[in-house]
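What follows is subunit A paired twice: with subunit B in the first complex and subunit C in the second.
After this line comes the complex of A and B, so read on.
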């Protein structure tokens, strides 16, 4: 994957930016997310999390099995905040 | 707050069959799905399904989805469509709470609500894997699921000319559906050196003349504001593009069908233990023989438990539904035990053959890891054994025989038997396991052709060598409708034009379910070669 290729299309984060974050020491998808915003878009990382996992494995030499899926937190589908407040 | 015995999240084949089964055994069941149309991925499928009668084989996908919904409603399941489960929490008394968002005008519009259930069955399916390359964010690059929604549900063509990436069953089937919709498919590229899906699916695409480029991948897409071309290159053994092998295709659509991964998020929130098992799509939840996860009372079924097929999803749903009902003390214990064994046996059958071997081993590992048994050796990496793409030989049909005879070109052990069921003479035998290759008793075959339109793989042909000229009958599913008397260009199994032929018959009945049986007249020498005809240009 070339550095200019977009990894997270929701937040427009490139492979180069994710690699830079990994080189700076991030070792989990959650950490990459906090540093780059990749995975924080509307799709909730459904598209890009697997690409981040691949970059993480490539850059660190970790086996794919060792890269845990990103932590999941509610809401896992887009829900308006107002609806959450009125949950019954 | 609503309290149910069992909550099922997901209205695909696994969720619907789980809900129906649990309800049939006396449980109060609520099922939620974020889509308004039932059936999950089935709702987008217009091809005939594989499997056996228990899996509604030979039925087109969307019709299976509707049938399953009717069954669920008839069993008394409280089906709530158009509601997305956005969170799940453990309750205080061992039960589960599921937060859903959605609704319709009748219920006062979309709102957030909580459901409570003593058992939870998660059947959320899988999501598509991405493939990133320069230009992949251009409009015109889309996943196979999106293409199916456009073409099969909304009847909108995504473009005029497409490049398909990935030769698994999804890539092969969607290529066929694009062709049926009148979209040109320039080529299908596959990074691996072999076709990933069933050869019978590949056969449909090949007969239509679409080149399948093995060991190649898409390097980049480009165009002014949208896809106008794609560059494809060969890959070396290390998976690197070979310099100088680039080829450009003028396409406006690039369809990605590069695999699925289980959609685990709700399970992860609930803290299930997972394992990384590539043969099942990556990270999967561990579960026991009853499909119960490491969290007591929480079950999985279908693709979320490991990416397999719709027939497997149906059976897993039944199993999870029975297990959940049983754990609540519902149903008849002896009958349930027997029924569970039957499902387990059918699941074993579906995971037989060369395609199922890796998955069967992977499933065993998934179960054993949870029970603390030592993990098995890594799943067999070997793919399905390679089989020649076409074995059409000149011997098909029997010279001098007074009637047509079926020619079955099915060479891979896949779990499927509608041909056996369709034959009124019992001339075709598959038996058990369901992955056996069909055996034809040539003397019993009357050449009626019922198997030809029943075969979801379109791998059966009729050859009649009794007359002056021979005839070949093949299945056909393109528009415009074939016309009797028309001269057409006959093609071989690879879609290569063989010569001109006249259509002498084109039959479609309710029974053949929108598949024509087209008969063309050809010289005897070509009876073993001709397997279809060119689609007329629109």
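After this line comes the complex of A and C, so read on.
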């Protein structure tokens, strides 16, 4: 993957930015999110978590199973505020 | 110089690790998860002086605020990370049933310290924040405070600590202490024992539980703060908009009085701020402990969304994309716990902070100084020794 490739479309984060975060010591997807905002957008990291896991495995040599994607937090899918507000 | 082992890589642990390592001390920083996994990444991003209690807290907060721009510039220059520090106004809408003058008078100590706190009318609120629906609110408390990106702020301190030689160990939970009489001689972790001369608890709301394993019961409880965030939106809010309230202190007292299980108690305090990325961060529904680690309750998410829709109707169709619940500690006198535990001479606590973001750059400097030369200085006011000690062995 080239450094210019956009890994996270929602937040426009490139592979290069994710690599820089990994080189600064970041070792999990949750930690990459905090540093770069990749995966923090509307889609909730649905596509980019896989790409981040791949970059993490490549850069660190960790097995793919060790770079687990973070646990989903409610709401699992984006919900309009007004719809949530009316739930009972 | 002692070898220092710090437990907890939140804002407090990371900043302290950086200060100590820069002073030439050998530092190991351990976290059960990763850097900024606790409350330090779960807050409303406010650099708040409005919470400072009269006395030493206020004096130190004043100094921390005055030094902050230079501290931030230094941090950014050393690490190359921009932490999105920016001045913002905070508006606390005064709801019906609260007397605006009384709310203002409650902040007299702030004014005395040179922190300007003013009452503004509805027209002025509308001029500052046109998107806000005031309902029947006629006045708000206006303060010029600041905001910061709490992830990047904490990560920058961690980078700085690492650059100065500190070693940061993540995914390693401390499960107990090896004792030799009153002295701690090592930490038990899943990855094996960790040894140092001085052990610092920078474990936020987890501090009490961990200290118990060293045989001391520290007077600290916690509430669980819950918040959520919307998708990125165009500029909508300029500062923080919240509701003035006086219920937090009594809520905390009730939680403490329940002792073991206060999870049925809850408090809703609306507040919203727009991050630089455009997302609206919406707080805060709190409930009593001890349930550390569970997610946001469905009813809490509903109340957060309802607050947003009521105060910012233009955001009613905005998607809520994430939510979180993290514990925040408090002590019986609302002052932090900082200093050695009297009966455990090489166990040092640095916890119990409410508005940690504003004060940590200064506090970390003072604590590092206290560790290096054994003198707490002004921090003596926060020493755990101010409370009668409760040891688990009953002595």
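We adopt the following convention: the second predicted complex is superposed on the first by the 88 of 88 C-alpha atoms of A that agree within 3 Å, B and C clash if a C-alpha of one lies under 4 Å from a C-alpha of the other, contacts with A are read in each partner's own complex, and residues count from 1 in each chain.
Operating definition for what follows: a residue touches a chain if its C-beta (ideal position, glycine included) is under 8 Å from a C-beta of that chain, and two chains touch if they have at least 3 such contacts.
Remember, predicted model here, so these are calculated numbers, not experimental data.
Clash-free side-by-side placement of subunit B and subunit C is the outcome of superposition onto subunit A.
Judged by the touch definition given at the top, the superposed model places A:76 against subunit B, while subunit C stays out of reach.
When the two structures are aligned on the shared chain, A:27 is found in touch with subunit C, with no touch to subunit B. Across the overlaid pair of complexes, the angle with its corner at the CA centre of subunit A and arms to subunit B and subunit C is 140°, in steps of 10. Of the two partner chains placed by superposition, only subunit B is touched by A:64; subunit C is not.
By the touch criterion stated above, A:42 is placed in contact with subunit C alone, subunit B being left untouched. Applying the stated contact rule after C-alpha superposition, one finds that A:5 touches subunit B and leaves subunit C untouched. Of the two partner chains placed by superposition, subunit B and subunit C are both touched by A:87.
Of the two partner chains placed around the shared chain by superposition, subunit B is the only one that A:51 touches, whereas subunit C remains out of contact. The gap separating subunit B from subunit C at its narrowest, counted between C-alpha atoms of the superposed chains, is 8 angstrom. Taken together, the two structures place residues 44, 73-75, 79, 84, 86-88 of subunit A in contact with subunit B in one case and with subunit C in the other. Residues 34-37, 41, 151-152, 155, 158-159, 162, 168, 170, 230-232, 277, 279, 295-296, 298, 301-302, 304-306, 308-309, 315-324 of subunit C are the ones that touch subunit A when the two sit in their complex.
Only residues 11, 24-25, 27-28, 30-31, 34-35, 37, 40-42, 44, 73-75, 78-82, 84-88 of subunit A touch subunit C when the two sit together in their complex. For subunit A in complex with subunit B, the residues that touch the partner chain are 1-2, 4-7, 9, 15, 44, 46-48, 50-51, 64-65, 68-69, 71-77, 79, 83-84, 86-88.
For subunit B in complex with subunit A, the residues that touch the partner chain are 34, 84-87, 99, 101, 110-114, 127, 129-130, 132-134, 136-137, 261, 263-266, 268-269, 274, 276, 278, 282-283.
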